[in-house]
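There's a structure below that I have some questions on.
Per-chain residue numbering starts at 1, and chain names A, B, C, D and E are given in the order in which the chains are listed.
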Amino acid sequence: MQLARVVGTVVATRKEASIQGLKLLVVRPLDEEGRETGNAIVSADAVGAGPDEVVLIAAGSSARQTEVTDKRPVDSVVMAIVDSWSVGESTKYKK
Amino acid sequence: MQLARVVGTVVATRKEASIQGLKLLVVRPLDEEGRETGNAIVSADAVGAGPDEVVLIAAGSSARQTEVTDKRPVDSVVMAIVDSWSVGESTKYKK
Amino acid sequence: MQLARVVGTVVATRKEASIQGLKLLVVRPLDEEGRETGNAIVSADAVGAGPDEVVLIAAGSSARQTEVTDKRPVDSVVMAIVDSWSVGESTKYKK
Amino acid sequence: MQLARVVGTVVATRKEASIQGLKLLVVRPLDEEGRETGNAIVSADAVGAGPDEVVLIAAGSSARQTEVTDKRPVDSVVMAIVDSWSVGESTKYKK
Amino acid sequence: MQLARVVGTVVATRKEASIQGLKLLVVRPLDEEGRETGNAIVSADAVGAGPDEVVLIAAGSSARQTEVTDKRPVDSVVMAIVDSWSVGESTKYKK
């Protein structure tokens, strides 16, 4: 999984039938220091994440292993909201 | 998923039997500002996307979770046409 | 999928039993202008592609969705021979 | 698989129901000399790995092939603790 | 698939139960000229490859399509030993 921040949303009315009702978020991956890194990804929301929240995203077929994404053409899912993470003795992020 | 723009089409008459009838699009991934980024990808069209449209593409096994791509050797699918996306308070794209 | 050119072949007599009989091609991915880009990939041939032909390759589990690659340890397949592709109004390649 | 070092942990109380109880580790991939390389990854722990341990991680659908990750939205798993590895005649790491 | 050279081995006694008995090799991907390229990968051996041998590796779920890796948390497998490969008229490698 990757640490990421929710930075935006995508609206798409004309889409594959099976993804009706999915909330699509724009997320930016974070490195272990909490800095944004790499390109934005569009990720389906499985946990009710809000703007600016730090989350975990899972990719590939694993992104379909949630109730809302099951059997849908979705290759990235927000599957957790992060409370905190630490590296060594140092807390890098706390909600 | 990735934001992308439809930039072209591919014609292939000699192909694996199971992909007969699929429309193959050349798409360019977009970053969150709407700039083209990275190499072109050939993606199967599941939503009737036209030239220059901004779309969402899904990759890997998730690309097979649409009616037209089911069980086919297809690793990228256009599964939505984007109406708009925003980052923070700013609308980055509106159709 | 990716545009690619067939540039060579691989011979391997000692191999996992299930891939006996598969033809293994060395292919080079192409960008939308038809220039070779990135590293060579070894891809199983599902369509009878010949030397120098421009083809489409599919990766990952999708590479196993052809008759010759089904249930085999193969992560790339040549699944179409390209007749032509265009970007905007411009034909970039014609066989 | 990739060699990696366990460098931290992630706490997430609000998450997809199916990942309750999973321990989430921050890991850094290692090159063959044991140097950290590339970005941190969040990986589910299937073997009881502790801080600073050198481990093997598996990605993608293969990350779901353990008892604790089966059918869960998890795309990286720590599936072994490394005792040693060698390159040519040289032992690069020994626990 | 990728061309690769076997450069080492990994020993791991504490591991997910399902991978007991698998031989784990350190391999380096090769470009089409036979030069090592990119980072080392740890790959399960399905064909009895020895040190310095040139092999083919398959990644992702395809790495589980061999008898020894079936249903195991393994994302890379050595599935063939290469006898030779050629690019155009030129033989780049012969065992």
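Couple of notes before you dig in:
What we mean here is this: contacts are C-beta pairs under 8 Å (C-beta built on N, C-alpha and C of every residue); 3 or more make two chains touch, one makes a residue touch a chain.
From a predicted model like this one, the values you see are computed outputs, not experimental measurements.
Overlaying the C-alpha trace of chain A on that of chain C calls for a turn of 145°, given as a multiple of 5.
Chain centres here are Cα averages; for chain A and chain E they lie 32 Å apart.
In terms of their C-alpha centroids, the spacing between chain D and chain E amounts to 20 Å. The residues of chain C that reach two or more other chains are 60-61, 63-64, listed in rising order. If each chain is drawn as a node and touching chains are joined, the picture is one closed loop, every chain linked to exactly two others.
Going from chain D to chain E and on round the loop of contacts, you meet the chains as D, E, C, B, A.
Contact residues of chain A toward chain D in the complex are 1-3, 29, 31-32, 37-38, 46-48, 56, 58-67, 69, 77, 79-88, 92.
For chain B in complex with chain C, the residues that touch the partner chain are 7-19, 24, 26, 28, 39-44, 51, 60-61, 63-64, 71-76.
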